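Two complexes follow with chain A in common, the first pairing it with chain B and the second with chain C.
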Partner chain A sequence: MSNIQQLPSRQVSNRGMEGGRRSLCRFLMPLSFPWVLLWVLALGGLVLMPGAVLAEVPNAVPPEGTYEGEHVEQPIEFPHDTHADVNKINCMYCHTYARRSPVAGIPPTSKCMGCHSIIATDKPRIKQLTEYWDKRQPPPWKKVHDVPDFVHFTHEKHLKRFVFDNEGMDVENVAEVCAFCHGEVKKMTVANKVKPLTMGFCRRCHEANDGPFDCWKCHK
Partner chain B sequence: MSNKVNRRDFLKIMGWSGVGATLAGCDLPTTVTLEEGKEEVVSYLMPEEFVIPGIGVWYASTCLQCPAGCGVHGRVREGRVLKLEGNPESPINRGRLCQMGQSGVQAHYNPDRITQPMLRKNGGLTPVSWHDALEVLAQRTGPGSGLTGERFAWFTDTISGHQAVLLDAHLKAMGSDNHYVHEVINNSVTRAVNRDMLGEEQPRLRFDKARVVLSFGADFLGTWQSPVHNATEYAKFRSPPRGVLVQVEPNMSLTGANADLWVPVRPGTEGLLALAIAKVLATKHRKPLDKLPAAVQELILGYDVNEVARITGASGDHIIKIAGWLSERSPSLVIAGATAEGHEQGYQIVAAIMLLNIILGNVGETIEPAGEFPFPQLTARTGGTRSLVDFAKALEEKRYDVVFFRGANPVYTAPKALGLAQKLEGVGFKVAFSMFQDETTALADLVLPMRSPAEDWGTHVPAYQGEDRVISVQQPLMEPLYTETRGFGDVMLSLLKMHKVAGYSDYEDYYAYLRDAFAAMPAVLKENHSDDSFWARALQKGVIPVPTTQGSLTVKTAAVEVPGDSGRGEYPYFLVPAARLGMWDGRHANIPWLQEAPDQITKVVWNSWAEMHPSTARKLGVKTGDAVRIASSQGTIEANVYVYKGIHPDVIAVPMGRGHEAYGRYAQGRGVNPLKILDPVTERKTGELALMATRVQVSRASNEKVMVKLGGSESQLGRKIVATVTADVFERTEGGA
Partner chain C sequence: MSLKNVFTDWSRYRKGIEEGGFHDYEHMWGMAVDLNKCIGCNACAVACYAENNLAVVGEEKFYKGQAMHWMRIERYWDEPDLGEDRVKEFNHHGANFIPMMCQNCNAATCEPVCPVAATYHTPDGLNAQVYNRCIGSRYCSNNCPYRLRFFNFYSYYESSWPEPLHMQLNPDLTVRDKGVMEKCTFCVQRIRAAKDKARREDRKVRDGEFLPACAQTCPTGAITFGDLLTLHTPGGGVGETKVAQMWRDHQVELGKTRQTKQNPELRGYRVFEGLNTDPCVMYLERVREV
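Our next item is the complex of A and B:
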């Protein structure tokens, strides 16, 4: 069971629950259990899955669906893993606008230099960053996650619902909420789009989490 | 069971299949979801403390879409201005903004902006650097150029504030006093009458105090003086006890559509109607005429109401009803606008209308002295169409070698009869300070690309202000979109430096000049603030309140001589070039939001039309959408007909503002320009162009263009979709008081 709980979201097929069950079957098949038991286990796993996530983000059903985004070449291959996973820096330390604004914001270059004028100054990527800083130019990052202009999405409201106004939720674990739509960025270097961010994706999550359902909430 | 699908079923099927299609489409990612890695997302290098990406910050500035000078707040996000709203601190518009103001962002972001200086070489305009452009300016107009003041002129739109100070300084440096100020939509004739009869050109009008407003063609909610300000005052006038609005005009304006009584009259007979109302007031309601000269009293008493009704087209009942309202409900306010002014005898017509105010004792009640503005150097230089006539005459006499143009577009607005485009060929060096390639700019020899109002500094003192007078401050809402554009003030300072004018040469740019000018303002404006804090407050509020001195109005009347029936002759119809809040005088034809906004009366979009009364249409055998040819002695235009009852049967109205030959992708080649076929008749006393004095013939033309309008039927066909009551019933049942 613990294996199922830790199934990385990107391995779940993007065909929703049905696909999830099939991949589950494939996962359990080599253990050659009797079929009936296998089904019991599979269905039990399904029932337990939301409960399992509750341990991470209480009162939330994570959205389903994955997407295989292309790798996006960035001016500097920024290591999210080193920052968020190895050094356990909170996402909102750098993406500081997420809690206050519709957009999460790319951290200002001065914020990078706040640490990196001292830390790891000899690393090639930091040297690259320092070059931009000396030219007084922010690196021209490429946009990975976006929704069309006719969609009004706000980070602020989502963080309020899933983090700040969410009883039992620890702000330290905010990365789990970010992962709903961005995947496990802390396991990546530069971000890769791994969630579809389509209307269906949004709609199913709003349905599961009792989110607002009026057209004008997002299309205004 | 029949296979027929009725309307209801059809809608049901469409509804359900629509829902199905929508939901199925929810998961299709590629067409609407943006691709990764195609756009850049650039962070701040050093964030400003108050900037949060994604959240707008509002800054105060001034709207320059028309000369009313409303205060605006601009929402700026990530360094870009995204939305304009009214500034609640401004006593002119008190937080409101009209559709022209709202669409200011489309003037700013317009794809047809001029982005670099251009010089005419071998017939065509070629890009040059600012350095070269200023060099050419120095050669042709600088101190060593040999150009004398009388051979030089400025041709501008309304200009005020410190821009006017710099322009005056430049004229002085050139040794010239040739400054033409041109506005097609103006109230020059009324100003002249006010000056002669009341002693003040622009007295304050108290719509809020009036209990009846009688307007002779003054579209004060749409295009007259300060529309947004008037609308606020109008709301007070209409709140209980509800004031009565009577509109007398040849074709319905936005104000006319709001009136309790709308009276169509034959253009040019408004004065006669005013005097007939005066007669009813004197005879039936015993209003004394003793403030008027004996000759005028005699004239008024000599009128026969039935005869006047026949000439003007207004019914005798209406004349008596209007007089009744004016007599019962005091104080009242009688005003005159473009359709009353624009005649050969316009001055006399407006003077006759003004007599009603004197008879009714409105002067001092609803017409108050505005008082003296303490900084005459900053007040608005206003103008009308006389400048156009005078300028054309001066060009004919080849009086100018160099002309500078700013804001105004005389090549578009001048009637063909003035031959302005041809006459301009005689001017050796024409310089256009311009944002767009309009008709005038297209003829220029040197084009200087201006910053948009959202990128530039300035101060403005609009000609008409209400109770609280202000200097309106204009500040850039964002960095210039195009680096090779310059602010008007900046270029003016360069010109003054070229002439080495003392007092202007030390400033690096217009910002530095304004900082100094603000520091030099008297203590009464600064209210004990330091220079820096006064500056910061002015930018924050967007306005600087200015105390004015108490003025007084002195009534002086002279004989009036109003025109009567002017006959029909060879050209049986009157042409009214109608002004509308939207296209204005044509300056907004390059703004798609305004092109697509349905006209307030006819709902037509993106094109011109010709308004026509049903009886006239029957006579000509045309219906709505058919094309007609409208011919004056000066030329012809063709437009699709819009048939409705909101127009006098003798009148054909064509809106101003479209029919551009240049001016960018949205304006060029759309509709027709009625100003082009006007007879070059001028008002006798003021010299203004008589815009309403042109007679035309109308004939059927072949339909080539489709008239696009929103809304199908003008009538509710008895279905009572919108319930209405008359003003009388409303007054009795809900109006109270």
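Our next item is the complex of A and C:
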């Protein structure tokens, strides 16, 4: 098992990111005065830009890596931003199984209708939803974040580690933990895959956060 | 790569033997199979097929030795120890049965030969097989003295589970494709579920909380499954599991190539332990009426 830990992490494919880092180094090579000033300003601007950097989650190192997922057409263009960002609804209010089961789950239509039989009933998307509700059919949502069948991932354990057993972590801020693997969904309408969710992505995070390394924890 | 794996596993094993206990193990899952109770009904094998998504290969491939029964009942009609003249007599008594599943050897012979480290020893004392890493060299199967590793020579998905039979597949497990070695896992998905539950409730896994499919199904209760970790505690650990108690009762010890029993009447033995594989499955010899 120990030899698995010592595999150089660059074997795991995330070439886009590392290529970017290397070219950044090449840019930094001329370290003359005006260049340094320029870079300090640019980097400072990035850090200070509101919303560009996530708030900190205590006792956790967020996983690195990005991915450009294709836009997935959903039956209703569900606005995550309106719910999670504007109205500040907790992720786990709708994805309620995340805290106690392997899958986060999609809420039953009755949960949507719990609010939307009263709120914003005149909006076209809500009308669409009401149609499904009247037909007694759930909207055929499509899965965006899917890991292969040979991977066993549990939301429950990850939430336990990063939220419920994490001192100084407020459950209100759970979106920041979700964003580790799902990106900033609260800035999107329908969710889009923005993290690679490859084995390398998982492993780097397990390495940084002292996660288990046994193969049979995730594969079997 | 695999050589390093060997050294890690081996030094951990030696340390476990020399220091009187596998202290860095979380558990050491083991079994005791009472052959007196075994009636050879094959229910365990059927349960294994259902639980572990095992493909049915068909008669023709079975004769070629390509069957993938992680759990099988072996039959014997002779008892050579009794001498030539008695063998005939025993034939009238019918066959002897011995259920064979992966013995989860502590010093497993399959582990050192894997060129890609697809098989290794987990901190649960299990001999793990990582399907995604397996390249199908079949060295492990050739090196297993028990012949309990099985190779997917073909892709059986469509032939074995035509629609709508694919609905019966166990979602907790991978469906293996061709070119991959597979073996009994002591139902690792059940082990994991029990451990997860125990962790959620902030306690240790209780003895008998879960059983592998074979032990659960056995109509006569011939298979006992549990944690062997307390076996090294001298004088019997507090809260010793049932299976460890059985090992102790029959004076079978881990880390030995030959058992030294004070009472030779005791029935416990391990298959091929002279090969120093140190299996975690103990069998209780069958006693026959002469």
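Criterion: the second predicted complex is superposed on the first by the 165 of 220 C-alpha atoms of A that agree within 3 Å, B and C clash if a C-alpha of one lies under 4 Å from a C-alpha of the other, contacts with A are read in each partner's own complex, and residues count from 1 in each chain.
Here is the rule we go by: contacts are C-beta pairs under 8 Å (C-beta built on N, C-alpha and C of every residue); 3 or more make two chains touch, one makes a residue touch a chain.
As the structure is a prediction and not an experimental result, all values here were calculated from the model.
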First, second, both or neither for A:70, with chain B first and chain C second: first
Touching partner for A:157 - first (chain B), second (chain C), both, neither: second
First (chain B), second (chain C), both or neither touched by A:109: first
Residues of chain A touched, compared between chain B and chain C (which is higher): B
Where chain A meets both chain C and chain B, residue numbers: none
Complex contacts: residues of chain B adjacent to chain A: 23, 25-29, 32-34, 36-47, 52-55
Chain A - residues contacting chain B, complex: 67, 69-70, 72-73, 97, 100-103, 105-110, 133, 136-148, 193, 196-201, 203
Chain A residues within the chain C interface of the complex: 1-4, 149-150, 152, 154, 156-157, 160, 214-216, 219-220
Residues of chain C touching chain A in the complex: 1, 4-5, 8, 117, 120-124, 126, 128, 130-133, 171-175, 185, 188-189, 192, 196, 200
